[in-house]
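Here subunit A shows up in two complexes: once beside subunit B, once beside subunit C.
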Partner chain A sequence: MLYLELFIQGLVQGSIYGLIALGLTLVYGLLRILHVAHAALFTLGGYIGVVVTNTTGSFPLAIVVAMVAVGLVGMAVYKLAYEPLLHRPPYIALIASIALFIASEEIFRIVFGPFGLSYIDPPLQGQIEIFAGFRLKYGEILVMGIAIVMLSALAWLSAKTRTGIAWRATVTDPEMAAAFGINIQNVRYLNFFIASALAAVAGVLVALLNNLVEPTMGSVPSYKALAIIVLGGLGSIRGTLVASLALGIIESFGTIYVGHLLDRDALAFAFLILILMVRPQGLLGGK
Partner chain B sequence: MAYEITLLTTMAISILFALSLNFISGFCGQISLGHAAFLGTGAYASAMLTKSSIPFLLTLPVAAIIAGFFGFLIGLASLRVRHDFLAITTMGVGFLFVGIVRKQDFLGGELGMAGIPSPDMSRESFMVFCIILAVIFAVFSLYIRRSWMGFVFESIADNEDVTRILGIDASRFKLAAFVIGTAVAGIAGALYAHHFRYIGPDSFGFVQSVSVLAMVIVGGVGSVWGVAFAAAVLSILPLLVQFIDDYKLLFYSALLFAMMRFAPDGVAGIVQRIFGFARRGS
Partner chain C sequence: MLDVKNLSAGYGDIVAVRDFSFLLKPGKILALLGVNGAGKSSTLMTLMGIVEQKGGEILLDGVDISNLAANRRIRQGMAIVPEGRRIFSDLSVQENLTIGGHIVDAATLKRGIAQAYEYFPRLAERMGQKAGSLSGGEQQMLAIGRALVSNPRLLLVDELSLGLMPKIIDECYDVLAKLRSDGMAIILVEQNTERALAVADDVAVLEAGNSVWSGSAADAANDSSLVETFLGTA
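Right, the complex of A and B next:
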């Protein structure tokens, strides 16, 4: 029974990682930028979610508002921060991104206060008994459900629609795609919109699970999501999802069995280094 | 006077630390996001030794050897993974260091180590000692840069594959860069521990690794004078802007962002643009 509970917890955590890391992998696949500030958009999503829920009382509305607003902010981040740096060595964009992330954390602290916000009337607090002695919180079910819905929608979008095909073409070979008349600029905006909207959903969901948003809630996911996309083989969507779920599960078991030696975050990176030394191209990476 | 001495000592240690990363990331082009782990290794090693009453000066080589040994291991990793993968691996090493130290009781765990004995010298001589070490390493860096080794480093930073095709054993040079850079970071760590006389896991976390990389990039990657200048300014900047206390980190990160956005060549780049020098090697 303990195993099953740890496993489910791992899946829930893994779904959250997946939503965050997927956006990161989309950005990396298109621009070769390690977008640390992605986690700031995740935090922003959480704040918008809580504020909108508290003012309007509608949780679904909060999710939509958070997605759209953060998606737009994500596009602005690309336009203002990354576009001018594209022809520079990649570490310039990386440092700029880290600086942006630290600055955002400070802005959250100054605007919303250091102690964070909670839902006044937290939605979906009950739990349901699946079978004797085994319960799941509604929130946890929602997390896994939303992750599945979002990722399926994304898979459908990229496989079946013209926009999706243009997008994949651009990721594979930007110059060739441009030669075929695809507007690269629009693809990049779309890419940032979707990536940021996914991060916003993850933020709202984490805020729901913990019933708390705080300025620093992005720190751990930001670096861990980097570890995940590297594990997944940088730019591979399938690899990212596998790595997210694997890491969620490994952390959940690891904290029980080796928690006295390493803390949770170090565990993730120990796993990362171990895998990279054996497979330098990541779990499912090609090349 | 005591305040100025503290300030100058902090500055000298930062310069030494930043130059040690410049050796790896600047000269040899291997970006490291976990360099604070080696500062920490040196600091913990040296503090453990002086706490069991071994003379401070004797602990310096030990700190260098231990940090250099771990640097050698990371160097081996750098032979396996490159570029972004290496950046993330080194970041992982940083988190691993903090995560392990946190859980070890003999290293003080979460609380860190307090009551580290003072070095066996007056505060003034300690300051002079730190400055001398920083100057020695700066001169050594300048010398290396003009040596055969420096040329190989530059060529690896530029294009590792071509370097290998030329028949140069790039792996050996990369390992050398990592060992020298991390060993010097270990020495800087030993100085750090005996300057502040308290160390904890959070003194050597990701923020410190990013700050030191920021010093290297703001100074101008590879430029010894630029990096030394940036390290000197950035290390005392938080103290100089105490008056905006609550907005300190915001100011610092905004400055860093603006620097990357508008002058990614760093201070050295700005100076070169003003005086119209030809860019070295580009």
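Right, the complex of A and C next:
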């Protein structure tokens, strides 16, 4: 039964990784930019979630507000930070992204204070017994539920709607997409909105599970999400999801069995190195 | 319908087309010929609004479309079959056609796709298949079909026959002939000079971005020095 417990805990963590890393993959797939500042949007989502919940008392409202607000901020990041650099080598955008990420921590410190915020009355703290001796918090179940709903919605959007098809066409060949009248600027805005909204919902959920948001909340996810998208084969959505869940599960088992050797966060990179030695193109990457 | 005057175009500081003028009427095919790097593809992509136009006018039914974005030009009735086909390889056949009709409403899109399948029944058999897994000939059919979905009046076709089997080439040319007889105007870039001269009404020859010859296809075919001088031996 311990195995099953660890497995489920791993899925919860993996769902969060997936929500964060997917945004990175979407940005990389469209613009070939490593969007390090994505993790700042994750943190921003956490702050907005806590602040809105504490002021209105409504957690669902907080999720929606965080997604929309952070989605819009993500669009602004594209417009102000990345668009002017698109015709430069990609490492320039990467440097801008890192700078933005570092600056964001200081902005959070100034705006929300250095010590972090918590939910005054944390929602969804109740537990439910999954099987004898194993309980999950409602919040943890919500994490998996939201991940499934969000990813299904995204899968539906990209496969079944004309907007989604245009989006995928733009990823494949932006110039040809433009030649058929697709407004690729709008595709980029949509891409950043969705990527950022997913990070925001992950931020709200992590804030819920830890009952804490602090300025540095994004630092570990920022590099872990980079590891995940490399692991998934850069740009592959399915690879990102597989890598996210795999990493969640491996960390979950690893902290029990090799936790005395490697800490949770080091495990991610040990796993990354190991996989890349065997499959340099990532788990599901092409060549 | 299309009146191009002193068109110049290029990439940044590079000028790929200089002072190019020509006229095209409905139901006519203009063959655009020239050796590699002459500026044929650049001309088509400029007409489509993708490559930067540096000077001149592009008059479609008397209206200068030089400053319109591609989506507006498609609305005005233009569509392109690009060099190298450039189908969206990760998308299915049906999805590629959907992109071809990106700017039209749902009902027109449905009709346009049905029409494309009518022209190329082999695409209908493969509608759910990933476009990247099609054979070269099928990909060219898809590229043509994709351009037809928006129901254009002016079709820009780049390298129709390159790398295709004779039977497939015939099939594609049959479709062009049918389209022309329905009144479509076509600009055809073609490596195969003989083939191009056989189907075209008019010919324009580019060399290093400059227009060096223009006239009727019949005159071009009879002018053996033209073929030798500008097009290599046919």
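In this text, the second predicted complex is superposed on the first by the 287 of 287 C-alpha atoms of A that agree within 3 Å, B and C clash if a C-alpha of one lies under 4 Å from a C-alpha of the other, contacts with A are read in each partner's own complex, and residues count from 1 in each chain.
In the analysis below, a contact is a pair of C-beta atoms (placed from the backbone, for glycine too) under 8 Å apart; a residue touches a chain by one contact, two chains touch by 3 or more.
The shown structure was predicted, so the numbers you read here are calculated from the model rather than taken from an experiment.
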item	value
Side-by-side fit of subunit B and subunit C on subunit A, or clash	fit
Contacts of A:270 with subunit B and subunit C, given as first, second, both or neither	first
Touching partner for A:76 - first (subunit B), second (subunit C), both, neither	neither
Residue contacts on subunit A - larger count, subunit B or subunit C	B
Touched partner set for A:153, first subunit B, second subunit C, both or neither	neither
Which superposed partner A:162 touches (first subunit B, second subunit C, both, neither)	second
Touching partner for A:92 - first (subunit B), second (subunit C), both, neither	first
Partner chain in contact with A:172 - subunit B first, subunit C second, else both or neither	second
First, second, both or neither for A:181, with subunit B first and subunit C second	second
Included angle at subunit A between vectors to subunit C and subunit B, based on C-alpha centres and rounded to the nearest 10 degrees	90
Smallest separation of CA atoms, subunit C relative to subunit B, angstrom	16
Intersection of the subunit A residues that touch subunit B with those that touch subunit C	none
Subunit A-facing residues of subunit C, complex	45, 48-50, 70-71, 74-75, 79-80, 82, 86, 88-91, 95-96, 98-100, 102-103, 146, 150
Residues of subunit B touching subunit A in the complex	31, 77, 80-81, 83-85, 87-89, 91-93, 95-96, 98-100, 102-103, 206-207, 210, 213-214, 217, 246-247, 249-250, 252-254, 256-257, 260-261, 264
Parts of subunit A lying in touch with subunit B, wherever the complex brings them together	32, 34, 81, 84-85, 88, 90-96, 98-100, 102-103, 106-107, 110, 223, 226-227, 230, 234, 260-263, 265-270, 272-273, 276-277, 280
Residues of subunit A touching subunit C in the complex	162, 165-166, 168-169, 171-173, 175-183
